[in-house]
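Just passing along the structure, written as structure tokens.
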Amino acid sequence: MTGATPLLWMAVVVPMLAAVVALALGGRAGERIHLVLLPAGLAIAVGIAVQAARSEVPLHYHLGGWAPPLGVALRADWASAAMLLVTAAVMCAVGLYARGPLGTPKGVGEARAPYAFWVLLPGVWAGLNAVFLCADLFSGYVALELLTFGAVPLVCLDGRGETLDAALRYLLFALLGSMLYLVGTALLYGTYGTLDIGLLSRHLRGEPALWIAIALMTTGLLAKTALFPLHLWLPPAHAGAPAPASAVLSALVVKAPFFLVVRLWLDVLRGGAGTPAAGLLAALGAAAILFGNVLALRQARLKLMIAYSTIAQLGYLFLIFPLAASPAALTGGVLQAINHALAKAAMFLAAGLLAERLGHDRVAGLGGAGRAHPVPVLAFALAGVALVGLPPSGAFLAKWFLVSAAAQTGQSWLSRVTDVGALLTSAYVFLVLARAFATPVEPLVARTPPARHRDAAALALAVLAALLGLAPLAAPGSASGVSQVDLGKALAYAVSVAALWPVAAGAALAFALSRRTADPPARGVLLALDRSLRQWPVAGISLAAVALSLGAAFLLRDARW
Amino acid sequence: MSTATLFGVYGAVLVGIGLYGMIVQTELLRRIVAFDVLGSGIFLIFGAVARRGAAGGLASDPIPQAMVITGLVVAFAATGVATALLLRLSASAEGVARRPEGPP
Amino acid sequence: MSGLLDLWTVVAVSGGAFFFLAGTVGLLRFPDVLTRLHALTKADNLGLGLVVLGLLPRAEGLQGAVKLLSVWLLVMLSGATVSQLIARVAGRESPPA
Amino acid sequence: MTPASLLDLGIGAVALALAAFAGAARSSFAAIVGFVALGLLLALAWLRLGAPDVALTEVAIGGGLTGLLLIGAERRLRARAMAEASDPVSTRVRVAAAVLSAGVAAGLAAAVLSLPIPAPTLGPAALRELPRTGLDNPVTAALIAFRAFDTLAEKVVLLLALVGVWSLAPDREWGGRPGQRYPLDADGVLAFLVRLLVPVGVVFGGYILWVSAGAPGGAFQGGAILATMWLAARMAGLTDAPRLCASRVRWALAAGPLVFFAAGLAGPLVAGGFLAWPVGFEKPVIVAIEIPLMLSIAAVLGLLLAGPAQRDGAR
């Protein structure tokens, strides 16, 4: 067998083992084990990436020696390898960063929040790797639950009432999503007698149960990834968590359900979901981009702004489904996911550093931060460049793939959406920077001395995000198509008027807004819409409505089978 | 209708009842109970699938049965975390639960 | 012989079912906790007892019979204890006049 | 209409009625009782579906332990008389939710009715490979051999859930004991029952595990029984919950999964792959994994029921 490699199970088992041993040893053991886990996890991810790049076929491993359909397998293609790598990179930065705020205090044998964090963090890592590597949809369910149970307690580590509320919402909505996913696996098993992704894709005959299953599973995954309008839990959870936890949640955890949607639509259905359903996902994505970005611009608190920005950035990922006929679309989607993972983790870490040093995270009160705390502000700025999509960030390349795929398939409306998205993104990024470089209203008092390794962790991620667009120069001939891109053409596009006007317009908007000194007013149509969409019963109804609409859209699909 | 199909349809209805409960219950504990009802319905659909796969002298396909056992344990863990969160929330002095929308 | 045993099974299980039915009706119709408990324990002890006795001739060997009997014993044991506890709580909350 | 199909119809109809009751009952306590009854009834459904292993799990975990968790939470919430988030849901929202939920249920029912005939199955494949596991119960084989990876991951899920619950303790109580201390009622009926029942329960838990190689049962079901026995002993005041920072607690939780990991990791050396069991020694290896696994499952289930630390904290 070619492509079989034990690295795949190691990628899941090593962090799992770290979590269990940290639980057993207690005290400071979790922190120490993490120091060993970081290089090991990174090495495994790099090893898988190297092997995946060299291998003609996707890497795989039959667990226990039992081949599917009876047994379960792990599988890694270039997309899994890329996600494993970015996961390892973010985990390394977060692990180093968190040694400050979430270290066990001196003189204490064991403390609550650090103990929980250093057990749950490797648990989340294991869950992420398991999602990216699973070749079996039920293993995917177990992996998603690893993630849920690892991620939810991170939201309320500080025990404040509002974070508890956020965590409970997150848990219940995520569980609802898991259940919809699970019932889909039951129907798929009942129809095909296997849940192995590769075997399923070969057996499809387009039965009604297939479409109902995929509609329910996709809806469940959308709830877990917080695609608009199912985002009720994301802003309070991601904004309320401690900064390192926010970084992991926003950068990585919401990508895992998206990745399973890609597996379902592009691997199981092989792009055969049909135009109406793919259009529905893209429409939700487009709505998320516009809605999330406007709301981000309207937030008074930096962490909430970043959280709403995540809702918008997740929207970009779903634009790829109508473009699935073009291989560039998936490449663009994965690049966007990676770019956002690095940039958003950097932003949350930078925001955490600023909040610690300023004692608050109000955007209007950032004045002077640029001089007093240049490194976090620089990290924020570089991450912002990556979100806006300026070269040489990953987003510029991702956008290039999307735009060219949209042009190939004649769906240029998608490019308009990304333009408006870039405008708004650049507006709030520049707004934060304008505030940070403004003269402070009152002199700043540094609350905590800066810790260089934590600054470095945030900055390193931001630099990686800002330089990700150069990846084609480094990537060897891989199946991803990244290396085939004509970097010159892409760069020429990126510095063209067509690509730059939104950025410039956004900067101008930010400049206009920055002349206001007060917090943005807490009223408006979109804010009211957001409030009502985030009411639990409304979100539940939206969930059921998305499920039924997807089912209906599948029925309308063009006859492919 | 065979036993399997019958229970499969019952499972579907249980899912509907549980989903409705999860959406409209305002009491959080009732929402958790609705989640458990929803889960029971889903497991019953698995049971129908397993029973349909009876073959070779087995009364029921063992693979979906194993999945249900895994699922039941996970659902119990979920209920445990949810009730613990709920109890902590109700104990927290801020009592944010009274603010149904949470922050912001 | 087997005809007689079948008859025994039918009679005993039907008797057990009757006590269960009576116990359930009592649970629903009786006015307070203690009388409801009275109805329930009849169902547990007599109803289940008769069902077990009725099924004994059909048990698969000695092991099956022992299992059936231990089901009865355990239910009686826990039923007696639980009804004691319930009665205690009921007595504490509304002492009998 | 055969008696058997009447029985199925009856079980299903009562199950639906109980589910509706759990949704519509006025008090949450009644709703929980409805759910527990539903769980017990579903165990009968599982027997009708030819799945006694699942029936045992449903009784022990689905109805039993989950019911205990919910009842415990309800009692404590009632004691606090918590003002619930009582924004009433408008009729419009209710109607929309009802229509959409009915739509989802109808879609699911349609999918169930449209499942192909003959049904696909892995039953024969599992039977064919059963000798290679040294077991006779294909469900146990699926859990511990064919899909051992899922089982292993699910153990970690349980541990993460427990750490999540623990993390909800107040800081000053960290490492302390969970739950309340029940007074010992030395001559009381409960203590009497528990003294009599616990030995029986422990033997039965072990029996359920032991027979699972060939008959219905397994580490979960056995573990659930042991967890309940521990709860009964605590409620009778015969024992108190341990401090959660005690290393024996931590190792009791981790030992089962760690043995599972160790056996899995030995696989590449002795059996040709991760989670592969050595030829000819499958059954002893599986038993050696399942015994500590059951004890750890009992510990994790019992501690999930007990909740976070709330007294006798380290600080």
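Going by the order they are written in, the chains are A, B, C and D; count residues from 1 in each one.
To be clear about the criterion, contacts are C-beta pairs under 8 Å (C-beta built on N, C-alpha and C of every residue); 3 or more make two chains touch, one makes a residue touch a chain.
Here the structure is a predicted model, which means the values were calculated and not measured.
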When I count C-beta pairs in contact, which pair ends up with more: B-D or C-D? B-D
So what's the Cα centroid distance for chain B and chain D, whole Å? 13
Centre to centre, by mean C-alpha position, how many angstrom separate chain A and chain C? 58
Using CA atom averages as chain centres, what separation in Å is found between chain B and chain C? 32
Chain C-chain D separation of Cα centroids, rounded to whole Å: 27
What residues in chain D touch two or more of the other chains? 89, 93, 97, 101, 104, 108, 111-112, 115, 119-122, 126, 146-147, 150, 154, 157, 161, 164, 168
Within chain B, the set of residues that touch 2 or more other chains is 15, 19, 23-24, 28, 32, 45, 48-49, 52-53, 63, 67, 70, 74, 77-78, 81, 85-86, 88, 95, 97, 99-100
Among all residues of chain C, which ones touch two or more of the remaining chains? none
Each pair of chains that touch: what are they? A-B, A-D, B-D, C-D
Could you list, by residue number, the parts of chain D that touch chain C in their complex? 189-190, 192-193, 196-197, 200
Seen from chain D, its contact residues with chain A in the complex are 89, 93, 96-97, 100-101, 103-104, 107-108, 110-112, 114-116, 119-122, 125-126, 129, 145-150, 152-154, 156-157, 159-161, 163-164, 166-171, 174-175, 245, 247, 250-251, 253-254, 257-258, 261, 264-265, 267-268, 271-277, 314
Counting only contacts in the complex, chain D reaches chain B at residues 4-5, 8-9, 12, 15-16, 19-20, 22-23, 28, 31-32, 35, 38-39, 42, 45-46, 48-51, 53-54, 57-58, 61-62, 65-66, 69-70, 72-74, 76-77, 80, 82-89, 93-94, 97-98, 101-102, 104-106, 108-109, 111-113, 115, 119-124, 126-127, 138-139, 141-143, 146-147, 150-151, 154, 157-158, 161-162, 164-165, 168, 218, 220, 301, 304-305, 307-308
Tell me, which parts of chain B touch chain A in their complex? 15, 19, 22-24, 28, 31-32, 35, 38-39, 42, 45-46, 48-49, 52-53, 63-64, 67, 70-71, 74, 77-78, 81-82, 85-86, 88-89, 92-97, 99-104
Which residues of chain B touch chain D in their complex? 1, 3-21, 23-30, 32-34, 36-37, 40-41, 43-45, 47-63, 65-70, 72-81, 83-88, 90-91, 95, 97-100
